[in-house]
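Dropping the structures in below, format is structure tokens.
Note that chain A is present in both complexes that follow, paired respectively with chain B and with chain C.
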Partner chain A sequence: MSITCVIDLSKLVIPNKTDSISGRGFGEGIAEREKVMQHLEQNDKFIMRIDSKKVKAINDSFIKGFFSEVFRTLKSRQRVREVFELDASDNFKRLFEKNWAILEAINAAA
Partner chain B sequence: MSKSYVTYKGDSSQTRQAKRSFRARISIQKKRLERQAQHKVLQHELTLIRTAAESPVRYDKMVQRFCDVNNMKLWSKKRSRVVIQLSQDFNLFNNPSKVLRDLLYLLYDAKVYQGYPTIRYIDKVCFGALYLVDNMCWEIANHRLWKVTLQNMPASEHVKFAKVRSFESSDYDTEAACMVNERVHINRKGDDLSNQSYRTKSKQLRDMVAVAIAGAEDPNYELPFDAAQAIDSAISEQFDNVIQHVPNANQASLCAFYDKVTKELTILIYNFGKTIAETLLPKNLPQPVRGEVEDIIRNHTKRFGFLIGSNFTQENALTLLALQEGISSKLLTDDTRGHGLIDYIEKCFELQPLCRIAIVSGRTAIKIDQKYPISLKNVLNRPRRILALNEDNDIYAKPDKTYVRTMDVAFNGVIIETTIPLIY
Partner chain C sequence: MPGPVAPHPVHAVAPIQTAPSVRASAAAPLLGQAPVPVATSPKTTVRAQPINSTPAPEEAAFNTSDKLALISLVVSVLTFVFTLSAGYQNKRIEIKARKFDKLCLEPIEAGFKGLDNIFANAKGDLASVHHEAVAEVLTEINYLLIQLKSIYPRLDFDGIERRCDKFSELFFDCEPTERVADYFAKYFYTKTQVLNSLFHYAIEDHIFIRLMPPIGKWWRDYRDGRQKKQVAAATGVTPTSSPPKAEV
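So, the complex of A and B:
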């Protein structure tokens, strides 16, 4: 039976000290820590939560680091959207969509 | 020749003989004097070379490497004390060679001469260049007694120089400007999830800029999303590159300066280590990309005839290629790499088309402004964001030679200066 996992990115910032999430290695590390690929094999779904009051910026490398393996499995943006629900502001949604489009193009060309 | 030594028709054979012999003696003497003068110059040059080589002033390993790659050991030109002129010209965007050369002169003079340099204000202080000068001054001051003389410096600019203090973490906030300065330690303890201190500085800078923009009127003012993203990206993508591509670098310098009068934010990040081109050697690229990259390098470095065609080097081409989407030395293991620089450049220009970016690495200096925008092109098997810096935005064609330049000095690392006008 598939389950829905919640990944709260707001927990990655240190209140009053940091308010941004960045780094390719950090993205890959979080995906690994949250066992994203294992959950995908089980057909689980995800809710990615970003509290805009706590997180002010996420850099593209973090998103690409997090989703690079995901796109190798799911291939298309459509499939990723079905599995990953973004509980975030429209700004962050646009940011994720832009990076997903790039990852989709890379996988389509491979 | 004096008239009296010229042989005349009426001169007796004895007189002629005497004049000839006198002329010969004069000539020999002249040659001897010339030789002596040459010898003296040579002696002086040798003394300077020896003084520089034997100078007790020893710099930090990477700063010393900066001197060595520019053959400072062989410098022997006698110079008066260094005078650095702070003018519109003295900046990394338009004149990186001049800035780096003056840094080298500073380091050289500190080794060879007892005197101190003068920093003369002409018409403008460009923050990135000033920060580098300050950095080198503190480096010298670690090894010998050192001071600088400031000339014609207006009080408002004097404050900048006094407050930079690039040798330690510092920040300041005055009526005219605010600044964040940090020698950022790179955390490589195998735990990428742990906190990197550049993130703290990114927040501190954005908070400062927000307060500067809103003033006291709106204490809850927050930077718009795109501005926060662009500023954070300018910092985080650079540091991510250092973490990913320069394994020996333990730290990188970050300095950001917001001028409240011009409303311009300048972010300067530099690190010593490998140059961009050194990390992107074609042998590190997967086969299909390598072939295309080699084609591009060939096109860029090609000359027509002896003097026709611009003299772009392989290093120029590789540094420019590193800015393009999906070109990275890590492609062999992961085909989704190579987006950091183009992502950050795109974000800055989306926020403000009047942005200016200067990238200096090795002997290559690249400047980016609104003249040549990024566009999507079908290159290397898929659509990619390309910044070719020429009219057609064609990466296979040579870039504008005023935008991609070969410098007469080299920097053993990477300097990236981003200037963002924050006008709302």
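So, the complex of A and C:
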């Protein structure tokens, strides 16, 4: 039976110290910590929550690191959209969409 | 009694300036006159010119002036074809260059212009203030390039992406006290590398290979063949990799 996991990216920043999330390695580490691939095997879904008040910017590298394995499995943006729901501002939604498009193209080329 | 007959006068001709070996052995018979033997001396050369002799058929069809005319005609036709071809290629280059400029260079330069403004007008600001803007522009550039990958498959997208990501990560990992101006040199280096990569592709790959397919194909085959030979010589195994994908 599939469940829905919530990944709150706002928890990755330290208030009054950092307000941005960056790094490919960091993204890969968070995906591993949240056991994303294991959940995907169970057909679980995800809600990615980003509080714009706490998180000001997210780097492309973080998104690419987080989703690189996911795209190797799901292949297309459409499938990723079905599994990952974004609870974030429009700016962040656009950012994720563009990076998903880039990852899709990279995986298609590979 | 008639006296002794005077010998027939010999038509002596003034010697001409030719080599001693080139000499006529007999004078040509003139119309109405019997052939007369010509006394030749080692120092006297006679030019012989038959008047009513007919030229060989080949000579009549292609004499020297005809040959020259034919060569001139061939050269003219070749020049015309070459001029037409050069004009056509020139037009194609212009069209390809304009298309590449509109589709690729202009949008990317516009993106960098946004970053140029930040680095020019907000030098004193804390770098962390502009994280979002920098990430947005660099994402936009990568997104644009990935869309162009289907049109320009040989474009070094991965290299450009890596450079943009490297700078983006560096900028995001700034110290809280660091200013925008502290990252100008790194930004300028990244921008130069990205634009260099695009120009390199435009000049050396896109225009050359696409506009001169036979030369481009020959060059790729030659290059790949050499690489394969080197690999085979080094490893003793003949590689079986497929040739690079051709431009659409």
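We take it that the second predicted complex is superposed on the first by the 110 of 110 C-alpha atoms of A that agree within 3 Å, B and C clash if a C-alpha of one lies under 4 Å from a C-alpha of the other, contacts with A are read in each partner's own complex, and residues count from 1 in each chain.
Note that a contact is a pair of C-beta atoms (placed from the backbone, for glycine too) under 8 Å apart; a residue touches a chain by one contact, two chains touch by 3 or more.
As the structure is a computational prediction, the values presented were derived from the model and not from experiment.
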Clash or fit, chain B versus chain C on superposed chain A: clash
Given the touch rule stated above, what does A:K64 touch, chain B (first), chain C (second), both, or neither? both
Output check: A:R33 vs chain B and chain C. Expected answer is one of first, second, both, neither. What do you get? first
Let me test your reading of the model: by the given contact rule, A:A109 touches which partner, first (chain B), second (chain C), both or neither? both
By residue count, is chain A touched more by chain B or by chain C? B
When the complexes are fitted on the C-alpha atoms of A, one of 56-64, 164-172 or 218-226 in chain C overlaps chain B. Which is it? 164-172
Contacts of chain A common to chain B and chain C in the A-superposed view 17, 19-20, 22-24, 56-61, 64, 91, 95, 102, 105-106, 109
Chain A - residues contacting chain C, complex: 17, 19-20, 22-24, 56-61, 64, 91, 95, 98-99, 101-102, 105-106, 109
Would you tell me which residues of chain C are touching chain A in their complex? 128, 131-132, 135-136, 138-140, 142-143, 146-147, 149, 158, 161, 164-165, 168-169, 172-173, 176
Complex interface listing, chain B residues touching chain A: 192-193, 195-196, 199-200, 202-203, 206, 222-223, 225-226, 228-229, 231-233, 236-237, 239-240, 243-244, 325-326, 334-337, 339-340, 343, 381-383
Residue numbers on chain A that touch chain B, as the complex places them: 14, 17-20, 22-26, 28-30, 33, 56-61, 64, 68, 71, 89, 91, 95, 102-103, 105-106, 108-110
